[in-house]
Amino acid sequence: MDYEVVIGLEVHTQLRTESKLFSPAPVSYGEEPNHSVHPVCLALPGVLPVLNGQAVELAIRAALATHCEIHPYSVFARKNYFYPDLPKGYQISQYEEPLATGGWIDIELGEGLTKRVRLTRIHMEEDAGKSIHDSEITGGHATHVDLNRAGIPLLEIVSEPDLRSPAEAAAYLRTLRSILRYVDVTDADMEKGHFRCDANISLREPGTSEFGTRTELKNLNSFRFVEEALHAEIDRQGELLDDGVAVQQATMAFDASSQRTRVLRLKEDADDYRYFPDPDLIPLQIDLADIDRVRDELPELPEDRRARFREQYALSDDEAVQLTASRASAEFFEAAVVTQGSAKPIAKWMLRDLAQVLGQLEIGIEDVVLTPDQFAALVGLVEEGRVTPKSARELLPELVERGGDPTALASERGLEAVTDSGVLEGVVDQVIADHPEDVERYRAGEGKVLNFLMGQVMRRTEGKADPGAVRDLLSRRLS
Amino acid sequence: MAVLARLSLTDAEVERLSTELEAILDYVETLEEVDTTDVRPMSHVLPLATPLREDRAAAPLDPQAAVVNAPESAGSAFVVPRVIDGEEEG
Amino acid sequence: MEASSPLPSLRGVRDLLDSGEGTSVGIVNEALERADALDEALGAFTGMRAEGALEDAAAADARRAAGRTLSPLDGVPVAIKDNMVMEGEPTSCASRILEGFVSPYTSTVVERLRSRGAVIVGRTNLDEFAMGSSTEHSCFRPTSNPWDLDRAPGGSSGGSAVAVASRIVPAALGSDTGGSIRQPASHCGVVGMKPTYGRVSRWGLVAFASSLDQIGVFTRDAGDAALLLEAIAGHDPADSTSLREPVPRFSEELTGDISDLVIGLPREYFLDEGVDPGVLAAVRDGVSVLERAGAKVREVSLPHTRFAVATYYLIATAEASSNLARYDGVRYGRRAASATDLSQMYFLSRSEGFGEEVKRRIMLGTYVLSAGYYDAYYRKAQQVRALVLDDFQKAFDECDVIATPTCPETAFRLGEKTGDPLSMYLGDIYTVSANLAGIPGISVPCGMAGGLPAGLQLLGGPLQEATLLRAADVFQRLTSHHTAVPTAI
């Protein structure tokens, strides 16, 4: 039987701060165990939490970017459970009164279709530490506990069960990640675990409005993983239901090698987290004026910028989507356009040639030394015929890595186009004189011979002649 | 309750604690006499909003000082008996 | 016992140092010797800091010689309750579960005391994790009352109260969650003050119940309390619940004049039943001393008083059950030697590490917060707490200071109440409300009942410590109860 799939996602993303959510311990990655800890991270007797203001600022920004309602009064609560990497025996989170509720994001489903996915809530919480089970490190009989990660600020973003397929879930995650990176809330580096996802999934017969029993898939850390895990769980639940077996509420794990999900543990009534307001922290109060300030400072969101790019710069859908994929790329583009004035060639050079160089160097646009001004100048030289596209492509890798004035560099490398008409005419005349048979064939109507003659001219000018000018000159001389 | 609190109690302890807790709970039942309709629960007495800290990192604790009190450690990591898959919570 | 001599008061020590009649090294040595002589009988200390204290004392003497004295506390020996951490020193909370723990950081109060030159000489005994009213629930030993060694000194800061009452130190710090400073002060015949919640930083105070815990002082008189409190009070950015209000120079507010004050007597605290008649008489005498000094006296009402103990125990145990979850044998403290798997590590370490009273409260607190009971117990208690605060706000519209007995009776016998926790809890009836409302309170010796000290409690509105100290100071200028030396030592 074909069931309707119902998916809701909980995303945990790491807020971009220097210090932890409730302590001045540095936020680090890849350090040796317990090298980035403070008495607060170790839950030593007598320590107290103090909230990181920047984390609040970033959380407000994320809530505004996803159209949530921000509550002027929210409460930090303790979620009590025992686990070796949870040093206090509770996690400070928000429960009954979260920072923000009720937002949405639009996701693109291809072929111009978009879908609005509702958000339930956004709240701040602290990360736990890391348990290391790898027996090569632990010797097999033990688990090691590293608290470097304990206390790192996380934003939890919970969606409504609005997603109807693994592909929609993946599109939601991509869009959400792009928005959060746009507003500089998070690096959302998936490999570093900055953007983690749990999925709630259930099946129901099409046409019914009640939800089926759901399971929770934990720790899906890549987009591909999310899709694969959801497919596997849909298959598992579908088979159970086909056999008339009830799905049990459970926490599941996905094994990529077998492409199967398995039960980690059944949800029990014993999961009693005994939430209560943290008495070490007074409720968080956010001024409306602060919300307004953050809203004013909010950068243009990807969806808005995409629409504007199409309109203002007459770009194709595809160009607009690609250029706005990251805030850095969109800003580089616009800065270059301001200098050069002509959007279309800038877009083409960015999406084709610059993208290729970045791919080869394995860097992002935020890492290039080349400024948008310099890039625009290079595209300008090509447009004016002062540097050939081929020469420009030769210069680009060096400019990307070191920056510099493209005009000066072209001159230094002798890559300026041959624009001196006297010089060019001399070369053209020489080529005509050296290839009398080809000239005859052209004059007899074999038009494509012109390309051969052009190639000769280009070779003798070492590619520095403007191909347009050469074609014009040859045509005139041979007519 | 003892499981939630991670306490293992002997039968004698369970018996005594049950009696004592029952007496205490009986006593706190007196709160039912108080009319608390429309009273906002008070989790703190302070007329303050939670203070915010500037996002500045301080030097971390010396890793050896971090683990020096641990019953068991290896290098700079804490060591606990092996965690079995599925014991994970949260 | 004859070998040691009683130490003077805090200002007495200061005067000796100022006049050059004594040195800090000499006085600290006397304190250490007296502790050595008396503590086997008293059990007031969990550990002395002899070497460090003598080094600090020598440094204080050197400063004084160079004319760079830091404060009136410079060179003065002070004891701290063994639930305030100090880098490089053990902190036990009188619990087996913190066996071997040496703190890698220092509490704000100890930092402040030391930056003003005070010399920390030792850590004092307490009920395990400050849970108790007798200092019997200590993993080391019960502390004895210096007025009668068979009696408890009160608690949980019993060790600090005894150390000051026995003239081992002129001053000590304690913590007060439901009366843990004021009650032992009353039972031992010394001054004990709990400031406004948030007045003194809790950074480095091992938490019992975070919304109620507050550090305060033990001294022999209000003048000394003023000096010690102004040294430790003030805003601390490391404690989110720390108040930003500037701290007055309390010692300069002791004008000797209380003719502007209205003293309120809550009728719910002066019922004839449930209070020892001798205690009640001493307290009434105390009030009349204040009246004779010019204060006006009137009756006020705190109608929710009889619900305060229940409210207190629900909130305090709920918070404690969570605050004590960190003692798991992973990062510090005791891990059960026989634990072979993770589950045993938790269950055995905690069961072996915590004492009976702590387990009782963890169980109650866990229950109170659990699904299905939260609303009936925890939320309800928070609502009643709001009403208790409301009572005080109304009362302080009509008076400046509220006067009550500190405790319904004098010191009880060791072991007398350990089998009946509820009756022990009910002894906190007069003290817990101030913690629920976050207001300051002070207990002042006001006479004897049956050969044992009784205490007069003065409560003030938020931040009114100066008013309380001024009233207590006037009272002590007119009485001599605080000069009585305990008879059993």
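Labels for the chains are A, B and C, by order of writing; each one numbers its residues from 1.
Convention: a residue touches a chain if its C-beta (ideal position, glycine included) is under 8 Å from a C-beta of that chain, and two chains touch if they have at least 3 such contacts.
All of these numbers come straight from a predicted model, not from anything done at the bench.
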Seminar exercise, completed: Most central chain, judged by mean Cα position vs. mean of all protein Cα atoms, is B
Problem set entry | Between A-C and B-C, the pair joined by more C-beta contacts | B-C
For this session: Would you kindly tell me how far, in whole Å, the mean C-alpha position of chain B lies from that of chain A?
Result: 38
Problem set entry | Centre distance in Å when chain B and chain C are each reduced to the mean of their C-alpha atoms | 23
Problem set entry | Distance between chain centroids, defined by C-alpha means - chain A, chain C (Å) | 56
Exercise. Of all residues in chain A, which are in touch with two or more distinct other chains?
Worked result: 39, 42, 50-51, 82, 84, 143, 145, 147, 272, 274, 276, 279, 281-282
For this session: At least two other chains touched by the same residue of chain B: list those residues.
Result: 4, 6, 43-44, 46, 48, 50-51, 53, 61, 66-67, 72, 78, 80-83, 87
Exercise. At which residue positions does chain C touch at least two other chains?
Worked result: 101, 104, 211, 237, 240-241, 321, 325, 328, 330-332, 342, 346, 366, 370
Exercise. Along chain B, where are the residues that touch chain C in the complex?
Worked result: 1-2, 4-9, 13, 17, 20-21, 23-25, 27-28, 30-34, 36, 39-46, 48, 50-51, 53, 61-62, 65-72, 78, 80-84, 87
Exercise. Residues of chain C touching chain B in their complex?
Worked result: 100-102, 104, 197-198, 211, 237, 240-241, 243-244, 304, 306-307, 309-311, 313-314, 321, 325, 328-335, 339-348, 350-351, 354, 359-360, 362-364, 366-367, 370, 377, 379-387, 389, 421-422, 425, 436-438
For this session: Mind listing the chain A positions that touch chain C in their complex?
Result: 39, 42-51, 78, 80, 82, 84, 87-90, 143, 145, 147, 269, 272, 274-276, 278-282
Exercise. Quick one: in the complex, what on chain C touches chain A?
Worked result: 83-85, 91, 93, 98, 101, 103-105, 107, 202-207, 209-211, 237-241, 318-319, 321-322, 324-326, 328, 330-332, 342, 346, 366, 369-371, 374, 378
Seminar exercise, completed: In the complex, the residues of chain A that touch chain B are 17-19, 24-27, 32-39, 42, 50-56, 75-76, 79, 81-84, 86, 91, 128, 131-133, 138, 140-147, 264-265, 270-272, 274, 276-277, 279, 281-285
